Amino acid sequence: MSDRIEIRFAGFGGQGIALMGRLVGEVISLHEKGKQSVMTQSYGPESRGGASSCDVVIDTQTIDYPKSTEIDYFVVMSEEAYHKYIPRLKKGGIIFVEENLVTLDDQAKKASKIFKLPATAIAETLGSRLYANIAMLGFVCANTDLFSEEAFIQVMKAKVRARFIEKNLTAFEMGKNHK
Amino acid sequence: MSDNKENTPMVNTGEYFTSGNLAVAEGSLAAGCKFFGGYPITPSSEVAEHMSIKLPQTKGHFVQFEDEIASIASILGASWGGWKSMTATSGPGYSLMLENIGLGIMTETPCVIVNVQRAGPSTGLPTLVGQQDIQQARWGSHGDYEIIALSPNSVQECFDLAITAFNLAEEFRVPVTILMDETIGHMSEKLVIPEKEKIEIVNRKKPTDEADGHLPYKADEDLIPPMAVAGEGYNVITTGLTHDERGYPALEADAQKVLLTRLLDKIRKNKDKIIRLEEYMLDDAEFVIISFGISSRAAKGAVNLAREKGLKVGYLRLITIWPFPDERIAQIAEKVKAIFIAEINSGQVTKEVQRVVKGEAEVHGLLKLGGAIHTPSEIVEEIERRLK
Amino acid sequence: MTEEEIGLLEAEEHPLDGYLRKGRIPHIWCPGCSLGSVMTVIIEAIKETDIDPKNISVISGIGCTGRTAGYLNFDSFHTTHGRAIPFAIGLGLTDPNRKIIVISGDGDLASIGGNHLIHAARRNADITVICVNNFQYGMTGGQVGPTSYKGQFQTTAPYSNLEEPFNLPELVKSCGATYIARWTALDVRRVKESFVEAINHKGFSFVEVLGACPTTYGRRNQLREGIAILESFKERAVIEHGIDTEKVAISKEGPIIVGKFVDIHDKPTLTDNLLSIQRMATASKDKGA
Amino acid sequence: MNYSFNRKKKKAEWPAFVDIKEWKIITPEIHIISSRCKECRWCIEFCPEEILEISDEINEKGYHPPKLIEGKTFENCAECHFCELICPEFAIFVKKPVEEEEMKVE
Amino acid sequence: MSDNKENTPMVNTGEYFTSGNLAVAEGSLAAGCKFFGGYPITPSSEVAEHMSIKLPQTKGHFVQFEDEIASIASILGASWGGWKSMTATSGPGYSLMLENIGLGIMTETPCVIVNVQRAGPSTGLPTLVGQQDIQQARWGSHGDYEIIALSPNSVQECFDLAITAFNLAEEFRVPVTILMDETIGHMSEKLVIPEKEKIEIVNRKKPTDEADGHLPYKADEDLIPPMAVAGEGYNVITTGLTHDERGYPALEADAQKVLLTRLLDKIRKNKDKIIRLEEYMLDDAEFVIISFGISSRAAKGAVNLAREKGLKVGYLRLITIWPFPDERIAQIAEKVKAIFIAEINSGQVTKEVQRVVKGEAEVHGLLKLGGAIHTPSEIVEEIERRLK
Amino acid sequence: MTEEEIGLLEAEEHPLDGYLRKGRIPHIWCPGCSLGSVMTVIIEAIKETDIDPKNISVISGIGCTGRTAGYLNFDSFHTTHGRAIPFAIGLGLTDPNRKIIVISGDGDLASIGGNHLIHAARRNADITVICVNNFQYGMTGGQVGPTSYKGQFQTTAPYSNLEEPFNLPELVKSCGATYIARWTALDVRRVKESFVEAINHKGFSFVEVLGACPTTYGRRNQLREGIAILESFKERAVIEHGIDTEKVAISKEGPIIVGKFVDIHDKPTLTDNLLSIQRMATASKDKGA
Amino acid sequence: MSDRIEIRFAGFGGQGIALMGRLVGEVISLHEKGKQSVMTQSYGPESRGGASSCDVVIDTQTIDYPKSTEIDYFVVMSEEAYHKYIPRLKKGGIIFVEENLVTLDDQAKKASKIFKLPATAIAETLGSRLYANIAMLGFVCANTDLFSEEAFIQVMKAKVRARFIEKNLTAFEMGKNHK
Amino acid sequence: MNYSFNRKKKKAEWPAFVDIKEWKIITPEIHIISSRCKECRWCIEFCPEEILEISDEINEKGYHPPKLIEGKTFENCAECHFCELICPEFAIFVKKPVEEEEMKVE
């Protein structure tokens, strides 16, 4: 009945984790016909500068539980986050990992696929680590059929401040083209 | 987002992916809210933040006051100035507002209060979900009264019920509370803001008689007095004291009886106009799950799950929590074996259902004490356990 | 009563009756209470400003003084204890032409309502606050309050009050109030002038009127009748316009300094600021903020 | 028209709190709503011309309203309106005679 | 009146003709109260006034604070300083105290709050009777909790229940509310203050373990943790946040569940120790009048009257209103035809009774809306009318 | 990490760890937040006073600053938003030997708690109040507050704040505070001295510490890192001991005046007064009052 | 069953009406064996300087209704109070009236007895109207058996400030001896 | 015993905020709890002797704790404790070597 898909984005404060969820959520909600999505995130001072995570749940029907339970896609940008959430990855789920910041261990084996991206390094070539999240989303876009590139770019253009657009587009592109 | 003519609602028609907090703010703007007096508190602060951006664009005012007491007092004042007004807070702030919510009830002042519930008591879990202020919304202020409280379960409904809340406030001249919860407030999903023409707006009834001899608290048949506001020449008058139709203090039991009866009845006798329910698979149901707010999403999921398992479960969602739908629940109770209430508190709506069903059906609370929401399967398991 | 005997003309109506709500006189105030005098003066002041009565709103909190709003035949609001000021601010902001007059007691404004008082002064909110300071809580039967002076007796200061009282002009000054005056209830004519100035003032104006409460204050402090309190004001009041508010604290004995202490005109008010923000918002909205 | 120059005191001798700026030229009338008086005696005590005193009359509430002192007339009233302002009961007030007011209207 | 040794209760043994307000103050002194932080409000001010005279005589302190919020906060502070503390107020003040009553519940701080009820809502009838804050005492603060509330119906009982209130507060580490009403507070009748030795005093349980490693929120079997106070070297800790046994914030659902369950259960599971009822002529009763506070005097009078008329009416008085005596009322409901509740409000206890009886008996509220009390004959007439 | 590489000695424990509750470090404060520095200084100051730690109580309200109490290994009380002061007064009055330190934020103490602040100052309550002023509300994510200066951007002042802020030293002075100092968070050593003086002070002492909040304040006001805020303090701070508090208001630019502004010793405190009343009561009791 | 007796004292503010009730209530409660009494009074600013009244209800058993319903003894000190409360006098009840302040009308006829005292005038001979209430109580004491003189004097001595005792005793005496 | 006279700046040249009254005579030790450091750089920036800099090391939280600048030794430390007071993380502190402290105890 349900075509539920759960994505968890996780990393540390400052990596723009929530923005990843917000963009993906919006792309799916507003631009993927027949799909709904809900985005939830961790809040509050306890999560400032510390661990940060957010969930996007996608379904073709009303989403009755907005948080992740068994993660289908785990997009992980920090070691701490990896250890915290890997137990909740569904057997056969997919991992996207910032390869320089996370050392995978045995637990990753339950994944059916693991995609590795040096997102921060890519971002640094653009002048700031802040583009790592968008690079990662480009990589996710290329390797799944969660959302379309065109829709994503449209949403990003509307959400990101004009002066950062250019670099973000490049980051996305670089992530997308990473093999 | 457009439109800034004075005193016209700001309707930002379009599709958005946004949070419940922003949606309730947008709904309020669309309802014509022009004044927000508030004080930040997690998890409601985004409502204030959004209003601080938008209200000045629509020639309204946003003021962050020194505390919640000033906030609620200010919105009562603004309402008497003729503006639709609101505040948003969470449990601790709501507790502080209670005295002046009472003033709003006594002076029949339309306004809207958003309570984005977090887990309590006291400071509790400021960033995590609770639905523990349900009975507080009903009983928190001293003295007797009836109020209206609504509870959305989606981002879209945050928008929609904000409009409903303002409409009910204006129609019944009463502060209306929107009982959100942290999850609804913070989660993002699709919001569609319709065109302005498609939004139905209710405004307070105005007096038509002469200012001279006008009786400001003389109600029409519907038990609601027309409302003149400041500056219209009616020399409006308010007091929190028991008062007569002139608005003069009348410190005696008889006047109290007349006034309070009307204040109670204008809600009680108009229940049909106020109560909104969502029903699902009730026709053949042997069991019912009653729920509201974020919990109701899992509850509805649980109904589907249970049906897959062959359990005849139905679903009743309280969109209006207060006044309580006594009659409908009593009807349902006669037809079913057991009623389950999924809520994130120690049984606040469960108690109410127990009162109403008068033993006609078993009543079980499926309770979580705060900080986490139900999953659909959890609910089904618990039902199965109880039915054994 | 025959006019021959008393030599005065018996009347049925007072020239100010039209400014009072019908049927509300006699008011509830005690014989020898100066609240009726202050109410007279408010009406006279409003008349003198020539403001359209429609544009006047009077807001009170709870207390004997707080009953004032309910007698006045303007838009009038009797709110909750201590909350007249924020109610008034909300009301005032809905129309910049509306003149907002808050009148309430020392307990209402400076005890439970103290926070609103200082924040309203800080924001330079466009309201006139009239505080009738009768040195204690009249309505509830004479408890000590934050303006009770040292050595004063009240029901909850049975051994006398030892706490330092607020110096209200100094308090509101420290927060930025832009018009501050103080008079005794005997100074009716000067009170009126100050009321007129305060009502015409742009921004936060504060007038403290030292009131006579024989019933719950005087009785416990050797001033059993209103007249005795007014006489003591007559003896003790000293006019010092423009004096540093630091120097106007009131104690049991010695001079009571009255006068106009502060009158500043160029500070933007809360309304000014909010209208500026509307302009900024409209401008930046076009930029899609 | 009555010009009244028989004031008891010169303005300069008046107590400061009376604080009046204008000076009457027409004999005024002093009115009372006796039933409202609560006998605070403020009009009596603080009248700068000292022309009032307590009467023997008693109103419904048991109070004695003020009266003109024997021998004083309205001409002695300075029309300062102080009694009117200080009266807490809206009981006493001072007016120009009606004819005079009407004259002014023309 | 005698005794001024430090930290010993002041027991003014003797016979008096005095008011409920003074009696509740005297009872508090006799219970060992040493700190009163309050703010005047009709009809409770005499409690403060009396304490302002007496406390300094017994080396305690009376402070009139700037408002009710400061008052309740101060008494929590004083309690953590090791003194028994209290405040007294009425509806509007109680509304303002609610947030910090929640803090008292969360931090398990013993203290006593007297609410001398007047008619509401809002400013209502400040000098006239009401019993409209019953549900407020239960639900007024945000979040879930259980509390204890007692209701005296005579001047003598004001004294007695003040002592009980302090004892329960100390035993269960919870703020206890005494729900008086204006009539009880202001009326005078005979008060007998017994000798000191005859008064049973309960003091909070103290920890016996070492300060090092002490877990301040680890409860004993009775679910109540021993309470060290400031200055004893335990480095006590409080927070309104959800916390663990160490008193450290634990911002997650699991900790919330553990803590809140205990806070609820320490009252729920100790109901037997807390609930006090008065029963009269219940054995053969076909009808019962349930009542409390001033109304219960008329209710008992009505029982006598009704019996004279041959009606088999019995009487149950709630001395403890919260926790509610569900079990006893359910038992009674099984045996009788109808239950009548005499109360001065719109049916606040009536609702509770309806919940409990589960349709086993008819339930009728004999309600007055404030400002006046029932007469016995009025009650009987109303019963006769309903029975027709 | 090897000591060879960094040239510092790697330690396991900090000398002040014993003054912190076990297991509570790391605290929740952001990188570059000065609250940890202020906490260090509080401990150092308490050590220096030589007061028996048993007799120290620390009370906080709610906010980032308000989390301080909960970390400190004294009797410590995390109360509700704005209510630390009255809680502290009640606690303090139960034992005149108890030293009461309130530490909380500008929002907690001067916004919602403003009334308690001014009344505590008026009563000369025997408490030390440390206000960490980071110009806004950190905990809730950066809303404007009553110490936000004109031109400051915050989440609820998206077009910038136009309201006049409180001048806190002036505010508490106008109410009678008997010890008043202000320092920036960079002035750790002077902050410590003031804390020592404040704690030893009899009566109401108030120390304002201008704090660095990069996360919710700095980010929106071109001061993205804690270090930038401290640098700006370094540049702008000017010491002016004893200056009239009227002159120490803070604006967006220009000097920030710091120093010890008030230190008065002879005023009876709240405790003094209550003990006097006890004496009066005991005396009059014998007379059967 | 019930031996309920209701007394209403009424007059205006300043006449010491509540004190009358308090003294009588206390005398009966503490000094009349087998009797209970409850005293209630009107409260609040609305009653300051205006009308003042108080009730004493006496019974041999618990008093179930503390206010007066049908007045047995009506002690009235002002005209206004007379008109307000005379309708509630029980047929056959007893009136004690300050004869110079109250003009009785037809309604007084339902009383079985009417006792008149110039209480204020008596008090004025003692230098102050303030003794009128005690004079009236002396008069009531002499003409009813509600309470004993000794007990009353004992209570009054405990309640009244020492310097006023003498005159109050005289006032009581004068009231008592009035014929 | 090491007497250290090789301070970079005279005390008078130090920024005012350091505000130290006593002067060290024994070479102190600078300690760090690296895991606590959050790289605010305050110890580095505000050390009056300017002897610290950011290291390349990275702690569990991803921060770079401070290190001694190449060529600097503990002798360059003025023992002003400023780093210790300003460190918001209870991460850095300066102590006399243990032996010296013990000496003082005698």
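Chains: A, B, C, D, E, F, G and H, in written order; residue numbering restarts at 1 for each.
Convention: a residue touches a chain if its C-beta (ideal position, glycine included) is under 8 Å from a C-beta of that chain, and two chains touch if they have at least 3 such contacts.
Because the structure is predicted, anything quoted here is derived from the model rather than measured.
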Problem set entry | Shortest chain-hopping distance from subunit D out to subunit E | 2
Exercise. Looking at every pair of chains, which two share the most C-beta contact pairs?
Worked result: B-E
Seminar exercise, completed: The distance between the C-alpha centres of subunit A and subunit G, rounded to whole Å, is 86
Problem set entry | Distance between chain centroids, defined by C-alpha means - subunit D, subunit F (Å) | 60
Problem set entry | Separation of mean Cα positions, subunit G and subunit D [Å, integer] | 42
Seminar exercise, completed: Listed in rising order, subunit H residues that touch 2 or more other chains are 38
Exercise. Where in subunit F do residues touch two or more other chains at once?
Worked result: 31, 62, 78, 80, 111-112, 114-115, 119, 139, 146, 158-159, 270, 277, 280-281, 289
Exercise. Using the touch rule from the top of the page, what residues of subunit A touch 2 or more other chains?
Worked result: 44, 46, 49
For this session: Report the residues of subunit C in contact with subunit D in the complex, numbered from low to high.
Result: 1, 5-17, 20, 25-27, 29, 31-37, 39-41, 44, 184, 186-190, 192, 225-227, 230-231, 234, 237, 239
Seminar exercise, completed: In the complex, the residues of subunit E that touch subunit B are 69, 90-92, 94-96, 98-99, 102-103, 105-107, 117, 119-128, 130, 132-133, 135-136, 138-145, 239-242, 251-257, 260-261, 263-264, 345-346, 348, 351-352, 354-355, 357-360, 368-372
Exercise. Okay, in this complex, where on subunit F does subunit E touch?
Worked result: 21, 23-24, 54-55, 57, 59, 62, 70, 73-80, 83, 85-95, 98, 115-116, 119, 270, 274, 277-278, 280-282, 285, 289
Exercise. For subunit C, which residues count as touching subunit F in their complex?
Worked result: 111-112, 114-115, 118-119, 122-124, 146, 158-160, 162-167, 170-171, 173-176, 246, 267-268, 270, 273, 276-277, 280-281, 284, 289
For this session: Could you pull out which subunit A residues touch subunit B in their complex?
Result: 1, 22, 25-26, 29-30, 36-44, 46-47, 62-67, 69
